[in-house]
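Per-chain numbering from 1; labels A, B, C and D assigned in written order.
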Amino acid sequence: MNRTVLLTGFEPFNKETVNPAWEAVRSLAGHEGEGYRVEVRQLPCVFGVAGEVLRAAIGEVKPAVVIAVGQAGGRVDLSVERIAINIDDAPIPDNAQCQLVDKPVVEGGPAAYFSTLPIKAIVARLREAGLPASVSQSAGTFVCNHVFYSLMHQMAGGDVRAGFIHIPYLPQQAAAHPGAPSMALAEVVRGLTIALEAALATGDDIRVAGGAVD
Amino acid sequence: MNRTVLLTGFEPFNKETVNPAWEAVRSLAGHEGEGYRVEVRQLPCVFGVAGEVLRAAIGEVKPAVVIAVGQAGGRVDLSVERIAINIDDAPIPDNAQCQLVDKPVVEGGPAAYFSTLPIKAIVARLREAGLPASVSQSAGTFVCNHVFYSLMHQMAGGDVRAGFIHIPYLPQQAAAHPGAPSMALAEVVRGLTIALEAALATGDDIRVAGGAVD
Amino acid sequence: MNRTVLLTGFEPFNKETVNPAWEAVRSLAGHEGEGYRVEVRQLPCVFGVAGEVLRAAIGEVKPAVVIAVGQAGGRVDLSVERIAINIDDAPIPDNAQCQLVDKPVVEGGPAAYFSTLPIKAIVARLREAGLPASVSQSAGTFVCNHVFYSLMHQMAGGDVRAGFIHIPYLPQQAAAHPGAPSMALAEVVRGLTIALEAALATGDDIRVAGGAVD
Amino acid sequence: MNRTVLLTGFEPFNKETVNPAWEAVRSLAGHEGEGYRVEVRQLPCVFGVAGEVLRAAIGEVKPAVVIAVGQAGGRVDLSVERIAINIDDAPIPDNAQCQLVDKPVVEGGPAAYFSTLPIKAIVARLREAGLPASVSQSAGTFVCNHVFYSLMHQMAGGDVRAGFIHIPYLPQQAAAHPGAPSMALAEVVRGLTIALEAALATGDDIRVAGGAVD
């Protein structure tokens, strides 16, 4: 029996007309690999609502693995997030023009959740496949972290592997942001496929350094 | 009766011969301001031991505020850390030649603790005083984060305000690291004084944006 | 009658096993477009010899346009160089283990030559095509600048358009240099094609800002 | 007989209310060291006029050394410029609201002039003194480069040493530009003093690497 992998990507935000996360994720809709099938959902870039849409999708899809994907304009690589924190502190308004400051994602929730993806194994496989990748120690405090925290809170205590991957701008976006790095869509799609297969195939994560001095 | 503020700085690490955190902190030893007095301690850059030395100092000093200070080579400003996470993942060995990978700081501890310093008020006051400052969403996963987490774990549930501030290289260090930013010692000392006085003077933290998109 | 475009790329250097410039350039060998044909040559990453190989190629090919292409590890986009300067000042040894310091490329030559490519039109077309691109004010002082200066010195006073484009690491290279940006080979090849066609099609360059404050 | 060193700094530009170059330079007005005396002038941040003011100052002061100093917001260190290029290509308007694009600084002038300061010796002395410093391969294409080129054109063929040094934001400026590095005024002043004394004391420049790969 095939396992289902749920991938989510956001709608465009912050004046962009495209979101590379959604472009990559939707190109994997219905994709079938060895022993798995991919379901995809688009999330609104809106505090609160994004988490609810995700919750509904999880209830419907009953995934074995969930990877939420988000745009990180300015980053250079596939950034596998380590930890989601219980704070909304938005430097810009979300798509509903709401700019939360220092509100918990979940009132009374724990300060943070660690990703349950095998983040070190994913980074190792991505690099072996010739794709720039790293562990990231912060997913920020905007809607990406909000969804990541909501996801981990929903999955807490269960055995569904879940986590978040940030990706760079597409080249076409970077063309309008001189100085910003980018990654081609095909590379991102290839990377997400490697990541989800690593999540399915890995038992305990490998033990290799992936931290930061500061 | 004067309240005591405990400031800590690390010994040099990673081939440096000086640690700007300790240089700044020790210059404030015995400093007295309105209603407070500063005690300082040097911490070894060693997993585990650093937290024990800090614990002993807290027991001895009985501070009203604790600010641990650490060098962040490559950063540009006074970075007021928001959150300490329960992981040791060292990209380099510590000063006892130990390189922990993916070990919890405190076995069974919560995933993270938020700083109980008024981080937004501190950043606002620093900027008003003409000093570059920002809220940081990650203190890394090396001995700085280790001490920060240990500190917050020790203080959990009490009413002692505690937190961590990362500071740039000194100019003399940056002279040996072409491309690295720096901050003059006098500016750092001035900044720490502003930070600790803000911690003493502020009730609830102010509500202004200080987050990151990703 | 078809015009010939000469593209050059370097052999790998600085411990890399691949040079993205040569990978991109060689994939265009023999490429024919409307009214032009591409010839390619690999250049050694060696002061002096690189210029001689280029001179011989120009004598043989009799190109209408020459674009030398080089790897710029750490850059984010297709960097169209504005100016070549008459200095060799190598931060690392070349592939013949020679590390020239403050020697002129051409004894008695002028201090610099401006590119005769329509650099602003090239950048504009690249961005329109969704590729990150910018004008660069410095090609460095290593073998890339050396070849660029040699090229412009050889072409001085003639009507052959010539210049230099720096390109980022390939993703596979960046996978081994955490933190480094990259560009997919297909994007680079598409970009070079756009650049050479712009060089053939443009008369006077367009007049749009492409400078730097400092 | 004392030799005169002419230092220039610009008025504020680009919405700043202070220019660190002028702040540093003016604090050295009338400074006397062993065998020299400093004269200072403020230059308008205006294409054309800046060069004329500089020319008049040189005629009046008859300096042995001229160092023009300019703000480089975003740079981390004392950047000793290697070369001035014959192009005005302004990404922002100057203080007379003029935004030149691809105009030569001097019609018919050479493409570039190398600094005649001992740039390597200056960088070496600055680093020995614990100040972050580097050789820069580009002074940009705005009014700083314009003045630098004008200066070298005026001095061409003579024996007056002349050049340009870019400096970072002051801390108070960086406080308003989160993410920007800075340098304390006292460090900049100390650095300029070291630089001008190196210019007076050095014969042929030292031969050490100070270039860039790209």
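The working rule: contacts are C-beta pairs under 8 Å (C-beta built on N, C-alpha and C of every residue); 3 or more make two chains touch, one makes a residue touch a chain.
Nothing here was measured: the structure is a model prediction, and the numbers come from that model.
Trainee: Please report the smallest number of touch steps linking chain B to chain D.
Mentor: When the steps are counted carefully, the minimum from chain B to chain D is 1.
Trainee: How big is the rotation relating chain A to chain B when the fit is done on Cα atoms? Please round to the nearest 5 degrees.
Mentor: Rotation angle between the two copies comes out at 180 degrees.
Trainee: What's the farthest chain from chain B if centres are computed as the mean of the Cα atoms?
Mentor: That would be chain C.
Trainee: Note whether the interface between chain A and chain C is symmetric in residue numbering, meaning over half of all numbers used appear on both sides, and answer same or different.
Mentor: Answer same: the two copies use largely identical residue numbers here.
Trainee: I'd like the Å distance between the centres of chain A and chain B, where a centre is the mean of that chain's Cα atoms.
Mentor: Between these chains, centre-to-centre, one finds 30 Å.
Trainee: Per the centroid of Cα atoms for each chain, what is the distance between chain A and chain C, given in Å?
Mentor: 37
Trainee: Averaging over Cα atoms per chain, report the distance between chain A and chain D in Å.
Mentor: Centre separation, chain A to chain D: 47 Å.
Trainee: Quick check on chain A: which residues sit in contact with 2+ other chains?
Mentor: As it turns out, chain A has no residue touching two or more other chains.
Trainee: Chain pairs that touch, all of them, please.
Mentor: A-B, A-C, B-D, C-D
Trainee: Spell out the residues on chain B that touch chain D in their complex, using ranges where they run on.
Mentor: Touching chain D: residues 76-77, 126-127, 129-134, 168, 170-172, 174-184, 186-187 of chain B.
Trainee: Considering only the defined contacts, which chain B positions touch chain A in the complex?
Mentor: Touch list, chain B to chain A: 14, 70-75, 82-83, 85, 87-92, 99, 101-102, 110-114, 120, 135, 137-142, 144, 166, 205, 207-214.
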